[in-house]
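You will see two complexes here that share chain A, one where it goes with chain B and one where it goes with chain C.
Coming up: the complex of A and B.
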């Protein structure tokens, strides 16, 4: 068999992925960049090159600016809160106690079903009417009046973030738990012989050893946070006003619903750059932190 | 920290209430499927005074829930099987035929790895319209196949750990390049195939954005789309909505029970590799 035939027999295996990837990732990516420089509206085929005008328009569009700022707030807030909750949760679930296995499943399960479905159910709990579930509970317990959980600009943002934290904390606790379980027991024995208290062991032994887990978990939280769509969409539909619009929501709204393809492509490109820059910065920072801690 | 072997019953006392709080939304879903609309509005929290089961029958009668279940199943199974196959096939020459060309192809595949799906949305919408793939289940499958790249990278790492002796021995025995992949390598990939399949299943089964944009008729609806429709239709009828939610959650729950270990393994494997 000739060398060429051998090569060919191997390379055939690459055809499907190259076709799919070029057609559904690379081509659309390039097209997003080029469309963002035009005034294409999806219908008429004669459109013009308008330079960076779409990018200038981004700043004047309240939905877009709101979308970017809420998405970044959401990504940062969920990342911080989930990390602060998932590490202690993992430390607790690593102990021996009776209900441990049941609790693991209870904390883990909310990250499995569709976020859309869960957020709709939370919408029912947050119902702003006096007979709403959360309002009823608060009235019975503290005698407080009904709160507009999803229609007040600040409360709507908080509610959205709370639901997301509820949904994913268990998933991230599992990441930390796996790393905790790989820490050899001798480390703790040595530390306690040296007279380290329980708290000191956590502070100076466990947390530094969790640094690689933090890199992974935080990278996932940030990137998924920036891509958020379903939870705010289902809870508030982006309201009140544009307060809880997300970048994805705006791309769908301006791009698909209103067919402003040029403008929506400009948002897409900006979004891509945001994800790229934050991902890159975060990964570098965390790796340096890992090196420092170990 | 597992220094002591005794049970910390204090942790049970501390954690069980928090666990109940976590579970609370699921209690709300389940308990309200057995109430009338009036009772749900009046007292959504308490157990039903009179247990009503008609909501379940009504969901099956009034919504295409079985059809949407079938569609979701078709979408998920077809996409996942094809994705795993395409990903595994692509990894084969990368590991067993390491040429300069293939190293360049690898860089090419890495380029798009960080691209969020949302960035591609507008051009993909145009592309799907041009190819007349809108409102076609197989059209959506084609779109999902973009996920093969993720599977490819998962499988690539695993394939490198398979000893080369196996394929060398098979070559000496007269096995062809094609034969080695299908008969020797592919069966050995089972653990990583299961892990990737589990992850892609969760993604496609739960996906809302693409079905919402690319499927329009009721005939091609998915479970998640039906939940979305139900929210619009039954704005006032929460018991019906909660019943649909329960019916949708049952397969997810069964999947969770059987696949929990696999999911954890996948999370851990992904995390360790970083």
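Coming up: the complex of A and C.
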């Protein structure tokens, strides 16, 4: 009894956060689900229950299917590229050299301004006109003609991913850097006495000990990648056609612009399930990998 | 002891929650109290024009009615404004005065959010031709005193450089002019295809509406389809502008501002725009430009893109209805019209008000706005403006990059319409 009361006493302190979480996360989630079963248009409170019709329509909508495929591509590509770039970057920034602190700040900086702002600036760099910054540089250096960086279906996707990778690599490198600094120096000393080369030290010591950092970094990259909105929005506005539309774009497009709130809610619910499953799988796999590696 | 501390925590929590509710109630009664007191009223307004543009007319009003002050809010048009207002309306926190635009009029009027203004005396100042966009079933829900018309801005020096001495009088001549510019190494026309393109709208005006002004109504009544009206428009656009390389898919990546700057810098000979760009162009030294309508297939036929301006509406649920109506009445007065013009520089189209029009837009104003040779699909379409516009943009871009054919593009539009009808 005493133990139970003590437990309860601790639990009581969770009530405020539970209230907030319920109000701002659980309730909207349930509300989205109930609205997804209606033909609510976002303006009028007179709407009818239409069952699963929104869900049936969802998978026949080219914008939604294109949104899902680009979002998944974006999430996977940014995750892989950022991880491949951030770990070597962290290893370099972990070295002792004169401009170390300045460089850390420089690489971290792009993650401070909002993605919207970054994408607007990159919009000028990628401008498809002959006077666009990148096109001018290419012409001056190589004499090549203007490239449609943001209006060719393939190039637009690549450009969007490049900007996103550029923006967050530094931030993730700092996560890895923090974990790197917690690896005791003795390990490296022991390894070098045993005759391990620098590469072998990285391969068999650093990488396995960075496993917890990878779990965190990759989880953040995947979830943020799936939720991406502002970079493609400001850079290409989802074009050309539906090529760089993300799921979040489609939700706003169908829900707000087209006043099909019920359908947009159905997309949100499906999107929530996709993120939930991917997040759960990824976290479990990575944790198991962590245990195996250590 | 433990029991006491548990009780204490619970009591604290409950009192905090109740306290929050209580203070809410207090502020609500406080508001009502001030409303019944005629001396101090704060009118809230969600404006479409920014604060510096609205300042003269707001100040003029406040000088006349010193007991009314403003809680001024602004959201940039179009999409941001629409979604902000939508959120406010849904959560019952909308401002006393807000704007109705072509893009949100159905939802606002059908939802009963705006007060019916039809019978108020100040509505006489509003031009009859401005009313349909802001009306439903003969009742008008917002007041506008302006309109806009846009056309194709052209750089006179670049035209001269390419040896073009006369403006094109027919569509074929227009295409010829573009090709001539292209031969001279000048980019003839920029169009970023991020909207239902104005070339499409004006072509539709010249090719379809000039024959049958009611065509859009017929589409929405189910007598005609989008394919009936728009297939030829898309075919002409693709054949004469895309296949000839006058418009290229790489233009899709341009922003509106980049297009304006490129024109101001003399890097492109033509682009579509409206009154909002005049200031910027006039500030550019040595830029000599004109504005023309898009010529049709018959000599002398020209269409422009334009519409009535967005209208001021009164929130039907506001307790400050009387003051809100006072503001609309002031807007319609001679003084209000003048100050609104001074602040915004918009083209005024109010009954009995001598409008000043920028010389470059004079022809567009007379031929387009006054004679009614203007078309903006989102104004004429009675339903699903945003959904259809989005589909037009996607279809246009897909045709431009060569992903789909014209027929597929139009089918997608008809499918979208059907889908919306069945939602």
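The working rule: the second predicted complex is superposed on the first by the 266 of 294 C-alpha atoms of A that agree within 3 Å, B and C clash if a C-alpha of one lies under 4 Å from a C-alpha of the other, contacts with A are read in each partner's own complex, and residues count from 1 in each chain.
FYI, contacts are C-beta pairs under 8 Å (C-beta built on N, C-alpha and C of every residue); 3 or more make two chains touch, one makes a residue touch a chain.
Every value quoted in this text rests on a predicted model; they were computed, and no experiment measured them.
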item	value
Chain B versus chain C as contact partner of A:203, first or second or both or neither	neither
Partner chain(s) touched by A:178 [first = chain B, second = chain C, both, neither]	first
Contacts of A:29 with chain B and chain C, given as first, second, both or neither	first
First, second, both or neither for A:131, with chain B first and chain C second	both
Chain B or chain C, by number of chain A residues touched	B
Touching partner for A:152 - first (chain B), second (chain C), both, neither	second
First (chain B), second (chain C), both or neither touched by A:188	first
Partner chain in contact with A:9 - chain B first, chain C second, else both or neither	both
Partner chain(s) touched by A:288 [first = chain B, second = chain C, both, neither]	neither
Which of chain B and chain C A:256 touches, first, second, both or neither	both
Shared chain A contacts, counted only where both chain B and chain C touch the same residue	6, 9, 13, 16, 42, 124, 131, 252, 256
Residues of chain C that touch chain A when the two form their complex	2-3, 5-6, 9-10, 13, 17, 79, 82-83, 86, 89-90, 107-108, 110-113, 193-194, 248-255, 258, 262, 265, 267, 384, 386-387, 390, 393-394, 397-398, 400-401, 403, 412, 419-420, 423
Touching residues (chain side chain A, partner chain C) in the complex	5-6, 8-9, 12-13, 15-16, 19, 39, 41-44, 57, 62-63, 123-124, 126-131, 146-153, 156, 236-237, 239-242, 252-253, 256-260, 262-263
List of chain A residues in touch with chain B within their complex	6-7, 9-11, 13-14, 16-18, 20-21, 23-29, 31-32, 35, 42, 91-92, 94-99, 102-103, 105-110, 112-118, 120-122, 124-125, 131, 133, 136-137, 166, 170-171, 174-175, 178-180, 185, 188-189, 192, 198, 201-202, 206, 212-213, 215-217, 223, 226-227, 229-230, 234, 247-248, 251-252, 255-256, 261, 264-265, 268-269, 271-272, 275-276, 279
Chain B residues touching chain A - in the complex, by the definition given at the top	1-9, 11-12, 14-16, 19, 22-23, 25, 28-29, 41-42, 44-45, 86-87, 89-90, 92-93, 96-97, 99, 101-102, 105, 108-109, 111-112, 114-127, 142-143, 145-146, 148-149, 152, 176-178, 181, 202, 205-209, 213, 224, 227-228, 231, 238, 241-242, 245, 248-249, 252-253, 255-256, 260, 263-264, 267-268, 270-272, 274
